[in-house]
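Here it is: the structure, laid out below.
Chain lettering (A, B and C) follows the sequence in which the chains are written, and residue indices restart at 1 in each chain.
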């Protein structure tokens, strides 16, 4: 009986010729992701994480840290070079998700694992209505009653503070912040146990971002979902997560409770990041 | 035997398809019947009728009929239609079948866009002409993605289009060729038959074969198979009804009336009013108890 | 009674056919001979064979005449005729290096190995409409025809260059290969080519399917697709220089039914083109060129050039690309024009159904506006907020 909802072990992802030996000449000690000898980029290596129900884990790093690659591997948008990913909702956590075929992984995205992308157009069909985007998830899960679908979409959009009189408008007429809210509503449509958020407020105006963050925090509390929040922004991680990990040049350099890490970072790179954020 | 011998074998000059090809098409048909609703690619041959004019239906019909078969060919419900007459003639000259306009008496019925008002029986085959076999065409254009959607039964996009229809228009706006789920697995385009005809397909005793010559696909619905038009549980499937009667036989344009009802088409009059008449001409004729000898091509009257 | 769609029964078809027959047979001008069409309307005959996918100049001329000059109709006649013919066998593989050229140009080099042979072409003549003295021309033609009957030897082709050089020139591609200037595409494998008349070509199809599709595609459609690819609003940019442009004869060789020895039973005339593509994308070998290939029946340079360009363009795109889908699904002349013209068939059953939906939605919207609420949503929104 495991106590996590999602567990990732030993994730590695190499772009280019994927000789595992290239990992030996990359990472924070070498100051680079690039392997000269093998002409490859070790986007991430030896990454482990887990999140339990009701818990949010932060993954912090700057661009090139590998955090986006980690996110995409878990989401299924990117194939890893090595690694083991499990969801407790899939065969009690006995199955390595990375070994599943593409269509099985796609099926997971209906109600086992949801993703909120930095760019809402990646997670939404802009040409259809806000309600329609949610209906897409519901019908994929087998909902066949129009009233039920409409009610659930209404409920979700209400919860994510999208004005209901815009429910039938095509999403491309929405502002960035509003699109993000619709993306959230859609992600939660089938009550997935695990949610990945990738830079959820990057690109939004500060006031809009604050509202979305508040919303996400409320949702995480309410739903008991296990979340992985990927961000370069310490404020986001501080607001949403209880634990976090810092990534640099594709490796994890520090893991700890978010509060403690922010107050007293141990690794030199974490110290730099925290200083920059606070400074 | 020399090559000259082979070439000089007396061929029926009117034969439009050689025997080997017929076998190939029958094999494709069998695959289609074995996997209801799956679009089977086949080596569609060029026929004496143009692509888009029934070349697919024609190939299936020619492949499945025998000399003793009784054939009906009709278009929009009319046996007297010019294209139907042309097809009928081609098949008769090529295969030597007998022809009829009475759907009850035909072994094979090739149809463009209608299902007979008569209830067909177990030993009958309905061959439907298909202009565009892809039911998801309106929601997806990329062929690789379409293939994946069918393979994974990922039909969410078309359900969303139904949702959007209702939300924006109050009703599902799909007209003819309504998408139907076959045997709970594949969605098909029911060719452009009116919604009026769709309920006749569900658990029907006859075999339905769908031929798309231009797109080179064949699909099939075997007898006694579930054919369910896509709609939400709480949104009834609506057929084309009209509160009028056929000006010829008097049957009703409302299925819900009880009594005989047929799919009626509109004849706008000079004075702005409309009259209505059955689309299925032979059935309508029989409602009148006027009956034509079977071996005669239906003679078109002025407005028939 | 006016013309009401395509209704009217069997008698109507017969009447229509009678009209066609009458015009074809009984109009006032002289009978149009098959050899006149083959000789004097060569480009039409070649195009009909190319799009019909059948080499037979006489049959193509018959079809062209029967179709009264409609090229697509004529191609259709050839193709449906082909559907009735039994397959007797297959030729031996013929390498295109066996071509006996009638015309050969190489734009990429001033003096390629082997001759440039301008051959018969209209390319460099002034496009000035000649109003001939009809009587004089007619007389000359009669005299020439009589002379040919007397002299059974085939006349030599009019060469504008070196007559005594060999007619089987080397290939520019070989020259480029010797310079290591082209990407190596030969894998050594020799897969069986796909017969697209038996196996429909769909995205992801092997190159032989793509080439066959182009070889019998409609000339205008291929040219348009090429033009759009080069200059249209889609993102592809392909710039080619032509290597070989050839028109010539290829032998048809079959195994003898008794001795199994290869025997030549005739020739086909083809046009073939090699197009040299400048590779310039970041994931390509920018130090080299790539080469596309086009070939079709008869003398049709427009088509072969477009085909060669599209061949290399397709190679550079991922499998199942937009370009590949467009090619496979929209360039066949019979498919496209047949489908277009099918709109002339009666569509009143479908039209009635559309009309019914229009009435239904107007009514639904009216009902909704009357009640002032969102369509079929049973929850008053105020309750939720």
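Structural remarks
Just so it is clear, contacts are C-beta pairs under 8 Å (C-beta built on N, C-alpha and C of every residue); 3 or more make two chains touch, one makes a residue touch a chain.
All of these numbers come straight from a predicted model, not from anything done at the bench.
Ranking every chain by how far its Cα centroid lies from the centroid of chain C, the top place goes to A. The greatest number of inter-chain C-beta pairs in contact is found between B-C. Centroids of chain A and chain B (each the mean of its C-alpha atoms) stand 49 Å apart. Separating the centre of chain A from that of chain C, both taken as means of CA atoms, is a distance of 51 Å. With centres taken as mean Cα positions, chain C sits 32 Å from chain B.
Those residues of chain C in touch with two or more other chains are numbered 376. Touching of two or more other chains is recorded for residues 166-167, 235 of chain B.
Shared interface positions of chain A, i.e. residues touching 2 or more other chains, are given as 146-147, 168. For chain C in complex with chain B, the touching residues are 1, 4, 6-13, 76, 79-80, 82-88, 195, 197-200, 202-204, 257, 320, 322, 325, 329, 334-335, 337-342, 345-350, 352-357, 360-361, 363-365, 367-368, 375-376.
Within the complex formed with chain B, the chain A residues making contact are 103, 106-107, 125, 128-129, 131-132, 135-137, 139-140, 144-147, 149, 168.
Contact residues of chain B toward chain C in the complex are 2-3, 6-7, 11, 15-18, 20-21, 24, 41-48, 50-53, 55, 75-78, 80-83, 85-86, 89, 112-114, 131, 142-144, 166-167, 169-171, 173-176, 192-195, 214, 216, 235, 238, 240-242, 263-266, 279, 297-300, 302-304.
Across the interface of their complex, chain A is touched by residues 148, 151-152, 154-157, 159-160, 163-164, 166-168, 232-235 of chain B.
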